[in-house]
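This report refers to the structure that appears directly beneath it.
Chain nomenclature is as follows: A, B and C, assigned in order of appearance, with residue numbering initiated at 1 for each chain independently.
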């Protein structure tokens, strides 16, 4: 099967998932993001990569934070940005998803940034989008959240340099996490030799080992000597009922405290996609401590989203070579 | 009575209705829109006509689609655009409509794009607006939707060239449709010799014949040899109760199917203002068929709105002559 | 205690309150605003003071009008503006105020415009903001509304020239009014020799005399020979119950009618922060009369907000001297 993210020259034209994304593409994105970070440090914060282009943020699932990061990234690339909360829009009038997309294309859309509660929705849109229109997945169901994974990779590369010697642990609600899936695929491709997941059995998908990860149910064992700890957000709605007994219980066994973190390598970094539930999956002493790189993740996230948007836009216009 | 849309030199300074709008103004708008379409095809998508100007989208009635098209059009003309959902705003605090308008004028507004459930609201605003401030009607009650009519005229001219040999049928809920009214006035002015309306008696306004249209209650007869079919959206809330027995019943008699469309001229085009109710007023086989020009309508709609905004802005500033 | 609004050179780096703000800073803001007004009159409406800068409007309390004025002001300075309605955002997910702020800083925020129902919230943000990031208070609880006070001062200076000979009366719900507090501090600093407050006892804070104002409960006496009348908005929710018997009763005793205004100096100006409750605190004959300067206040408000944003941004970047 062809990878719908790549054109016939193997260039990125949509970003839908990190699964199956070649290492050279991952590195291209991280390298471009590094250029934006360097330019920003040198005082340059506006670029022309999307000047005159129309970017539509289509958020079928509400997420002010992620929507804001994409809006900022697009504006720094000089795009015209329109954010649509689709519940409030025409779908309420009975229009289908593809009718909505075709209408926005007819209005002159160049890029769709899509968040949807349904896994696969961004694929459907990419499949039906006219040539020249890029789709960026901003999170679909439990499936994928590729820009989060890319900013995580940027963060790890920034602090650790080389992936081929690292032990990385992903901790928490693996079952419902599109971040965990996308991180695992990206880490594998980038050559990370040891990826661990740490979670209670009720929060692990069946067959997770097939992705090449090592499963732990105990933090002391799972965090032993790791270089990177990626904490996941626990959704409050999982906290009572079938999945988890209580917030207190979860924090006791899986909340990242200084004591549990002491099992990791002394130079380990702590990551979190945000927003954090302090006292649930992470202790404030760790969240605000000197090993947390959670706020740098946010900064890198803007640069990574700028990189993705610039690259897919260039490739859609056939400018990948000269860019 | 003076036409409040025109200044003393007969130039367009507000767009409130297509009724009584001279043919030369209609053609001026269509010609300017054609320039924007041509420029876009040649790769130029940003213009300076509204640079430094403040456009306010005042939507007293929610319409994400229409609001979005005006936002995009204004941004492509380099305006600063502010969209206000007025239910959420000061009117909730007891401020009157004209207080709101005067306040926005004092903030430096140059143009108001107004949608309102009450017929005539844009007139009231235009009447009280300070000199130099343009008002564009984006739909008022059952009264008028002039930019929709203008994009419809653009579409017909694009595909058919000349209005003076055309048979045009407008189909569906004529009674509640501001689009139908605005289309009829524009078609008449542009010289269309035969305008038909096709609808059940409960969805026809009393005295519609006075507008010079021919009334049909039967699709086979009404569509016979027409060159253009303009379908109207049926509001779901009309579907049960006094106006219509049911969705199925309406589709059976007035839904546009390939069979019914076969009565029209073989080259007939099918138009719809969107969003479509597939299976109610239009069959998907027609909506997605090769005679539908529904998506081009959307593209032309951006260019027509750009043209209207640019022209009224120039004329308000007394630059109509040199523009 | 140090003034958190000023840096070590005594330059404005945040605008939190007019209390304790030196006269030279007040005049600096008014002078800069006058430059923007003059430029606008001469046809220049866009400036580069905030080009490439990211301004976040953080409205924890809804106010379309104030948010809009800050958006317009920021866009005229060429900023990238993002408005967040914070109830709808991450705080709903349990994130703390300071987590939200730190995240927006990490996204590259340069300025926060903050409205909050809790007095002191903008101080908390300014205290924790990273160096280089400016905070502008757009109204906090009953505490302060400094940009409203500054636009009031601009208006008075525009019409009256000199503060040192003026009698100013502030009328209405002093108890709940952040505008009244901020006006009193600014008027005192600018040398206004006689500040009066006129209100029923239930709408006056205890100890208001300590601010140097003269208290009146009667309009005829309180308005006697004043040069400036600042009406306050009466919140409808105060109107039934403990504070006030009824709207009619309030209008009878404290609503500004032409008859009551006749007690003031013949050249007195009438101000109101808007939106007005016509027939409650102000009669339409006064609101629309020739002594009302309520709409010019709105115009000056844009320029004053531009001035504040430009000045704090320059000073945060250490460019105060050359600017």
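Note that a contact is a pair of C-beta atoms (placed from the backbone, for glycine too) under 8 Å apart; a residue touches a chain by one contact, two chains touch by 3 or more.
Keep in mind the model is a prediction, meaning the values are calculated, not measured.
If touching chains are joined by edges, the resulting network of the protein chains shown connects every chain directly with every other.
Shared residue numbers account for under half of those found at the interface formed by subunit B and subunit C, and the copies are therefore classed as meeting with different residues.
Our note on geometry: subunit B versus subunit C, Cα centroid distance of 41 Å, whole angstroms. Multi-chain contact residues of subunit B, defined as those touching 2 or more other chains: none present. Of all residues in subunit B, only 51-54, 80, 82, 84, 88-90, 93-96, 99-100, 102-108 touch subunit C in the complex they form.
On the subunit B side of its complex with subunit A, the touching residues are 40, 44-46, 62, 64-65, 68-69, 71-72, 75-76, 236, 274-278, 295-299, 301-302.
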